[in-house]
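Two complexes, one shared chain (subunit A), two partners (subunit B, subunit C).
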Partner chain A sequence: MPTNPTKLAGDLLVWLALLSAPFWLPRVGSYVELGTHVVVFALAATALNFLLGYTGVLSFGHAAYFGLGAYGTALTFKYLVPSTPVGILAGIVLGTVAAAIIGPMIARLRGVYFAMCTIAFGQVFYFIAFQWFSLTGGDDGVSGWHREPLHLGFADIDILNNSDAFYYFVLAVFAVCVGVMAFLLRSPFGRTLLAIRENERRARFLGIPVDRHIWMSWVISCFFVSIAGSLFALMNNFVDPRALRWDQSGTFVIMTVLGGMRSFWGPLIGAAIYLVLQDYISSHTENWMSFIGAFFVLIVLFFPRGVLGIIRRKAAT
Partner chain B sequence: MTQLVLFNAFNGLIIGAFYALMALGLSLILNLSGVINFAHGGFLAIGGYLAYTLMPYLGFWGALVASPVLVAFIGIVIERVLIRRLYGRDPLYSLLLTFGLAFMIEDGTRFIWGAQSLPYQIPAWLSSPLSLQYFFLTGYRVFMVLLVTAVVAALFFILTYTRLGIRIRAGTLDLETVSVLGVNVRVLRNLNFGLGIYLAGLAGVLAVGMLGLQPTIGDNLIMPSFIAIIVGGLGSLPGTLAGGILIGLVSGITTVFLPAASEAVIYVMMAAVLIVRPRGLLGEEGRF
Partner chain C sequence: MSLLRVENVSKHFGSLVAVDGVSMIVEPGELRAVIGPNGAGKTTFFNLISGFLTQTSGKIIFEGEDISRLLPARRVWKGIARTFQITEVFPELTVRENLRIPVEVQAGYRTSPWLSADADGEIRARVTELLDMGGLGEKADRLVGELSHGDQRATEIMMALALKPRLLLLDEPTAGMGDQETYDITQLIRKLHRDQKLTIVLIEHDMRVVFHLADRIMVLAEGRTLAEGTPKEIAANEAVQAAYLGKAAA
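What follows is the complex of A and B.
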């Protein structure tokens, strides 16, 4: 539990805004689906930040595990059982197992080398999804299925047709995931990750098995990213190879940087700003790619600390 | 059968020459400046499109000479205005910046030249096969292999014997000392960036003669170029060259026996290298 009163107030504010989103979003001229979109990407970016901001390891290939989560869910729905919990579980297993296998190959690499290998490995799954036409439908994606209402025994929740209900379902998953990540970061394990980020050599001298910790942090991060991917597939009732392409990975990184890498809520704020802006730009111009590209450049040049980083700095001086 | 293997091996060699050109440019920039240039594929596309635009005025040969130089100039300007600001900062930022640049270049080329594939005329005497039995040996392909060989030889000559090249290699090892010895490191990095982008532009002009011209032409070449660097060994230019040609050849030969795996095999090679020898074939120990 945060002891700092400003932190506590910040947490309360975030949760209040998220919980009341279906009430205020339509009133400011937006729609609930955008809120769902933001929460899904906020989960992906927060998971990336576990590795990027708190372990200090530069992954540029997280879209692969996001996409694997999405494909696992979509394929389960289409070919095995139309059940939301089973679908999510399949997505998580697919994404996490792939990450766990690739992890040992890259855990000993650092810096740009790590980034390059994560990008290259990420593309493997893009090619598989793209070329295995009979299973994945190639470029057309996996369609012809839809998410199913939840049957909890005591109540049925219609997350299929009621978009408010689906928003709260996604938010509940988000809350559990974020809670677990916050808990992990506060545990001795999380402190060890911070120590590796701050000074790897010193951490090694203290007898910490650095490579194994980086591998664990990588797997945890990819586990949560695959949950986000699974929710993404449920949200669209569809998935195509773009979900696991390298530009998707870049989107996660820019969201994290935009919100503030070293802050827990940074990725959420970054995802919200990015998606609202993208929604606005793509409805006004065909050349949205140029604007998004320019946006990347501007953030890097003028905003590298992100929104929360700047606020924190102002507060400190 | 032998002919089929030869055909695919030669195809692989050509595609490997492209990977090597791209990867050498990426590697030059990465080694001296620590920047992974995501926009490299974009510069390749610009090279192709500029050649297309220049050809009616300068002819095939004129475009082949002028276009890469112009692309290198654009690269030098971009380095001056944008990339220079990020040296010495977390590599994350240069990755994101070049990532945004790649988006802008792709969209920009689509805006200027349109999204459709454009035809590119190569001289007729270059496009005819040289021999009936080995029909795949068209003049253009042989010419390409020869040209890439000459350019790579020239690059290694520059790096080994000229003052600029020696400074680039020294800067790769220890930039601070080079700076202390009185070399203007900013200019050095700027020229080096231009040299890397020149290679991308040249690859672009050569690629359009084979693959046709569309805004995403660089996309299929950039990922194998990354892998060429990883397989060859980060920090080693001969390694990058060998890596590019090796993955091109292996993927070409795989096409004969298992066409579906021709793309996957290069990732398998990367995984194998990372498990057995994480520094790459010719990379130095402990550099990264």
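What follows is the complex of A and C.
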């Protein structure tokens, strides 16, 4: 597949904007923590889009694996070892193993049945976190811990107190994750996922075991969303059951659709729009969600391919 | 050894018997047409062979192996490829990508996260070969959804061929096509049969196509085999004429 110059320019623009964010964000009246927030959610939404936009399967329960990633990290810090790498690893293992076990139970389902079952399984984890007070602190969440600076042997990076350093740490993780996802999507395996999205019956009769490939795509997607969840816990030095709840899953879907689920950078753009709107509107009114809701409805009605879809169409004409 | 032996298969949908004890033996290199009036059970019969449906009773033996209970993807791995009555392609991908997917699956790269430069080169060469064979070279980089019906159908046939099947099932390859397109597709099928020695079973309504292509013809009516034989025998068969012209003529 040849790389076209417009796409390359777009990629370059995205990376330049992300890399320079700590310099320009304060100058436009914002703050670097908002940038960190955007990158964390962009990772979650891009991971969701691996399944939604590139396999054609809608999950409404990705918050479960996001939340498990967050809880795995938080609980490791609180009860086992205060180490950032170990905490992240624990979050990834918890989220991914749960997804791998649940996957075969839902991979045969399609459409709204798949979505409903993902919500149901998601809510199971929400209620576990909510009820298991002695371990998770229930509704109060897991607090009383904080992320640790990175010790790299040759240098220490103070991601705890230096918010620019933490932003770049999150961005580095984001870069590796989206790089791997983009690489996978350009591989033979990635093309089988496109085939399933485009025409499941044709895919099956080309010798692709569709259910198994959906399961694989699901596990990959949940793996990356659990990394986002782990970063989310590190960002807040805290996690509570809302990270696992179904409305959190809905947020990922809204971000993805808002930005454009057929575009690789769509979820990033969607996450940025969502969080900037939230940040701005919520400082004026408590009802910020109604504004985002209205905006979302308009986009879905008039631009079903999201914000990046509009830009692409403009570029094509 | 026969390539395909269908032994007394039936398919019931509730009280409706769509296919009722049909048997068929296809020899390697043969081009077999399955014809019959609407509702005769032809497509259901195809769906049983390809695994889209599972038979109520009977057996399907492919290259000596019972494949009656295998899932569709596994039957593809065994060497059975098919097209559909309503063209099934990947409309938002280019012709090249449509062909590349089955080539990669066939070459065993279904779950590969990357390809070596050598493997990539081989796959590109094979895709180009298929594009040329299907007369799709000039349209290679267009989206399949934008192509004419005939070109979409040619793409679908080449996708099936990309799987290097030992048995190709074509469900009404010329359905809904104009004269020129029908001619082109017929020539393509003939080329695959003659040059590639491919065994083909096809369902077809256009009798010109059937009599032009088929080595043997099987006639289904109301789920049962009405007649089987060479095109000449079938043309002379009174029961077949009756089925096509209506009961009154019988």
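As a working rule, the second predicted complex is superposed on the first by the 308 of 317 C-alpha atoms of A that agree within 3 Å, B and C clash if a C-alpha of one lies under 4 Å from a C-alpha of the other, contacts with A are read in each partner's own complex, and residues count from 1 in each chain.
Following the convention adopted for this analysis, a residue touches a chain if its C-beta (ideal position, glycine included) is under 8 Å from a C-beta of that chain, and two chains touch if they have at least 3 such contacts.
Everything numeric in this text was worked out from a predicted model, so none of it was measured.
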Contacts of A:E198 with subunit B and subunit C, given as first, second, both or neither: second
Touched partner set for A:P304, first subunit B, second subunit C, both or neither: first
Touched partner set for A:I254, first subunit B, second subunit C, both or neither: first
Partner chain(s) touched by A:L51 [first = subunit B, second = subunit C, both, neither]: neither
Which partner, subunit B or subunit C, touches more subunit A residues: B
Which of subunit B and subunit C A:M216 touches, first, second, both or neither: second
Touched partner set for A:R110, first subunit B, second subunit C, both or neither: first
Subunit B versus subunit C as contact partner of A:I92, first or second or both or neither: neither
Subunit B and subunit C contact sites that coincide on subunit A, given as residue numbers: none
Residues of subunit A defined as touching subunit C within the complex: 1, 183-184, 187-189, 191-192, 194-195, 198-199, 201-210, 213, 216
Contacting residues of subunit C [partner subunit A, same complex]: 50, 52, 71-74, 76-77, 81-82, 84, 88-93, 97, 100-102, 104-106, 109-115, 159, 163
Touching residues (chain side subunit A, partner subunit B) in the complex: 52, 58, 60, 105-106, 108-113, 115-117, 119-121, 123-124, 127-128, 131, 246-247, 250, 253-254, 257, 287, 289-290, 292-297, 299-301, 304
Touching residues (chain side subunit B, partner subunit A) in the complex: 30, 34, 36, 82, 85-86, 89-97, 99-104, 106-108, 111, 223, 226-227, 229-230, 234, 260, 263-264, 267, 270-271, 274-275, 278, 288
